Structure formats: C-alpha cells, structure tokens
Amino acid sequence: MSSVPEFRYRRRVQFAETDLAGIVHFSMMFRYMEEAEHALWRAAGLTIAEPGGDIGWPRLAAECQFRNRLHFEEEFDVLVRLADVKTRTLEYEFTILRGETVIAVGTVTSVCVRKGPGTMKAIEIPAEVVEKLEAALEKSSG
Amino acid sequence: MSSVPEFRYRRRVQFAETDLAGIVHFSMMFRYMEEAEHALWRAAGLTIAEPGGDIGWPRLAAECQFRNRLHFEEEFDVLVRLADVKTRTLEYEFTILRGETVIAVGTVTSVCVRKGPGTMKAIEIPAEVVEKLEAALEKSSG
Amino acid sequence: MSSVPEFRYRRRVQFAETDLAGIVHFSMMFRYMEEAEHALWRAAGLTIAEPGGDIGWPRLAAECQFRNRLHFEEEFDVLVRLADVKTRTLEYEFTILRGETVIAVGTVTSVCVRKGPGTMKAIEIPAEVVEKLEAALEKSSG
Amino acid sequence: MSSVPEFRYRRRVQFAETDLAGIVHFSMMFRYMEEAEHALWRAAGLTIAEPGGDIGWPRLAAECQFRNRLHFEEEFDVLVRLADVKTRTLEYEFTILRGETVIAVGTVTSVCVRKGPGTMKAIEIPAEVVEKLEAALEKSSG
C-alpha cells in the first residue's frame, strides 16, 4: 500500500486504556506508537534498552493528531516509518488505523545518548542500528 | 514572570510514573498537562465532564517538546495558558517546570462536541465556558 | 499440566509498564490478569462491556502474590481458571508464568450488576455467560 | 478517630484514571495505596528509592476489597497503618475513604532487599527505617 518502507504492529484496546468518555485516552496513543517502535527494533534484532547497557533513546519531541476514536476491544494497526535519520536523532512517523479508518497520525523524535551516573550526553547513532532498522523496514514492506 | 494570564498546578512525581530508564515516561507529560487543564476548569467553577452531561471535549491534537528529565518524588509545576480560542476549539499551552528548569513545553487542542448514542458532533463553545476560564486565569495570575 | 480447565493469554512486557526499579510495576499484574479474563470472554463469544449495555462486572476483591520479577520485553503467559461460580459473583484464579517460572498468582472476584443512572444493583449471572465461559475453558484446555 | 497510629494522604481522581464504566479502574487503588505509602516515607524523612542506592522494597503480596466506587474529580483520603513489622518484611494496611464512605481496604507486604547486578537478596530492615516510620505515624496521628 505504501512505497515508503513501513512496519506494522497489531494491537487490541484493553479495558484500562479507556476513560469515562468511553474511548481510548489520548495519552495512550503515544504508548501505542512506542510499542510499535519497540516491536520494529525487535524485528531488527535490536532492543531499545539493553540490560546493563549505557545507551539510551530519550524523546526530544512527540506530537499526534487525533482523527477518530478507538473503543474497547477494537483491533488496530500501528504503522511505523523512519521519517528522518540525523547524526544523533531518529524521527519516526506513525499512522494508527482501525481497518481503513485513520485513528491518529503522529511523530516521535528520539536522541541517542550515553548515560553516566546522573548524566547523559548525545552521541552519534551507531551505524549498525540504522542499517538494521532499515533492513527490517524493507523486509516487512516487501 | 508572564504577562499572559496563566494557571499553576503543582504535582509530585509518583513511582509508577517512572520507567526503567529511571525517569518519568514521556507519555506521562500529556497526563500532567491534562491534570493541569482540569484543575484550571475546577478553579473556574467548571468541570470537563459533567456527570450525565452530553458535552465532551475530545482532543484534536497534542504535542510536547522534552527539554529535561523528571525523577521520582520531584515536585514540579504545570503552567497552563489559553493560547487560542476559536468557535469550536480551545488550544492550551503548557510549560512544565521543576523550579526554574523547563522540563517540557506543549500544546493541546480540544474540540467541543455534543454526544449522542455512538455519535458526536462539533458544536460552538458555550460563551460562559470561555468567560469563566479567562476569569480564572486572570485571577490566578493577579 | 493441569486437569482444571484453563485459558492461556500471551503477552509481552512493554516499556511504559516498567518502573525505576527496572521491573514491571506490581499494579500492572492486575491489569495483565484483567486482560486475560477479557480474552477468555472473547474466546467464549462474549464481551465484558457490551456497547450500550446495562450489565457490568465491577470487582469485589483482588489479590496477588508476587514470586518473581518480570522485565522489559519478556514474554509471559497468564493462565485463567474459573475458581468459583456463585449466583451473583465469579471468582477467577490466575497464574502468571515466564516459561516455567511462576511470576505471580492471584484471584479476582467480580459481581454481576445492572446499571441505572448513577446506581447499580447486584443481579443473578445470566446462565448463558457461565455456560459459554466454561465451554471456552474446556475447549482451550482440550 | 483511631487508636492505631495512621498517616493520611489526600488525593483527587484524575480523568485518565477512570475507565469506560465511568469509575476509577480497580488497578488504580493499588497505585493510590502506594502513593500514600511513599508519602508516609517522605513524612518520615525517608525515600523508598534512594538515587543510586542498592536497597529496594519489592512487593510480596497485595490485596484489596472494593466497597464503593470512586468517580472523576472526587477527593479521597488514603489512610496508612503499619500492620506488621517482621525482620525482613513490612505489612501496610490501607483504608481509602471519600468523606466517611469506605471505598476500599487493602494490604501490601514488601520485603527489604539488597540489589546487585541482576540479583536481589532479602536483608534485615534497617532499624532506623522502622523507627522513623513509627515516629511519623505517631506524629501524624497526634
């Protein structure tokens, strides 16, 4: 459906993710996007949080536009694309879909850091990370 | 510190709001912003969710830039401003501060809707809502 | 492994479910148990929350013993059994397992209620609900 | 009101803590109890999670009985008591109240551990911790 390589993560809405308005709370969309990002990393043979590792990926920015509502037990897909790769930052684009209906579109920007005790410093993204993510995106779009 | 009327909401970081990176999860910032918005409504003698009422305020868009990290038990303030008032939408601006340190800045746009069974329709914001919110902002900035 | 009919729900730990101690927050275990319960209902052709329906299943009690820790990205199973069926209440038993390692065991008791405006009243559990849950448990254990 | 020393923590229900049934999700009661526990620790001049420290307090067991429902924006109190102090474990008792109405009662048992890389070992609770908690409980009940 798309010429840009993208990864698809499927999920179902859980009860505790809804609020008194009867729909998924808007803050959950950012968690769904993160879950899809981390699933892409696993598909690439990577993990965003190596146990005992000193590299981290804190967020610099996140935004989301909400187009339609998600309800309890509905299944949906989160599509992830790598929108921009800079020396120290990755920008992901997401589309959340229930069937053909667009629920939300968003972007999240992360920076690669090395963590010390109580500190962190932006570093160059390891080349291998980008290569593996791009390979996983190509493979899942193929 | 500001000539734009703003409302201040104080909060402390709770344990379950942190993640394995030892900091507050980024999705929590959107919840903190929402808590501050709802506190502003209470200060205005309003509630965002009238029990049994048919008016709702779903979000159209939300974005946040993350400047510094928040940790367990730290106290912080969320400053709320009414950035833009349109016929059917409200845009809030937020600054999250720990002391003088900016943790995050963000905006959230909501639309006023009338809810029926399984439907909702954008409607004009009741004039009284804007008047009361603006009065509460003026008062808390005074 | 068991002669009591049970249903198995598989899940992976997500990042936001961990806390600064580097493990899944204990309150999440109750959400995992609930997710498994609702998956059992779906397997039985039922839903715990009929849209527009007036029957609900609030919790009367919940308890959990924590034996081992769960970490980010680990896969685990939640086993659900129907431990006790009374006229108005259902008691579920849960075992959370990572492979053969018991992470937690717990029970949750729910009561069947009819909801009116601002009220709810305990009612007899519809016979069909218990029949379908038991059939789904038998089938998934078969 | 009580001859057993207890600490009182006040809180208001936030929007994202409710679910589609229009009430606070039952798993939140465990978070409210934990927030009250940590507030007691702060009142005692302690913290449950010393930055860089190697002592932790994982939960062994938690249980809660739900008597009444909590709704959006309601204020409530969590009362904490130290129910049992053993060599390596602390058991807390909680009562969640909205005014005079009991919403829930629960207990949580924690074990004191020393954490190494990927391990943790139960240790004796430092005498100072129990002394300070008991002093804070006496003071807040006085």
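We just call them A, B, C and D in the order they show up, numbering each chain from 1.
The criterion applied here is as follows: a residue touches a chain if its C-beta (ideal position, glycine included) is under 8 Å from a C-beta of that chain, and two chains touch if they have at least 3 such contacts.
Computed from a prediction, not measured in an experiment: that's the story for all the values here.
Chain copies subunit A and subunit D are related through a rotation whose angle, from the C-alpha fit, is 180° to the nearest 5.
Of all chains, the one whose mean C-alpha position sits at the greatest distance from that of subunit C is B.
One finds 34 Å separating the Cα centroids of subunit B and subunit C.
Each chain gets a centre from the mean of its Cα atoms; for subunit A and subunit C, those two points are 28 Å apart.
Spacing of subunit A relative to subunit B, judged by their CA centroids, is 24 angstrom.
Subunit C has residues 15-16, 20, 23, 27, 31, 34, 49, 51, 72 in contact with two or more other chains. Taken as a contact graph, the chains are fully connected, with every chain touching every other chain. Against subunit A, in their complex, subunit C makes its touches with residues 14-16, 31, 34-35, 38, 42, 47-49, 51, 71-73. Remark: subunit A residues 20-21, 23, 26-28, 30-31, 34, 49, 56, 58-66, 69 touch subunit B in the complex. Contact residues of subunit C toward subunit B in the complex are 15-16, 18-20, 22-23, 25, 27, 51-52, 72, 117-118.
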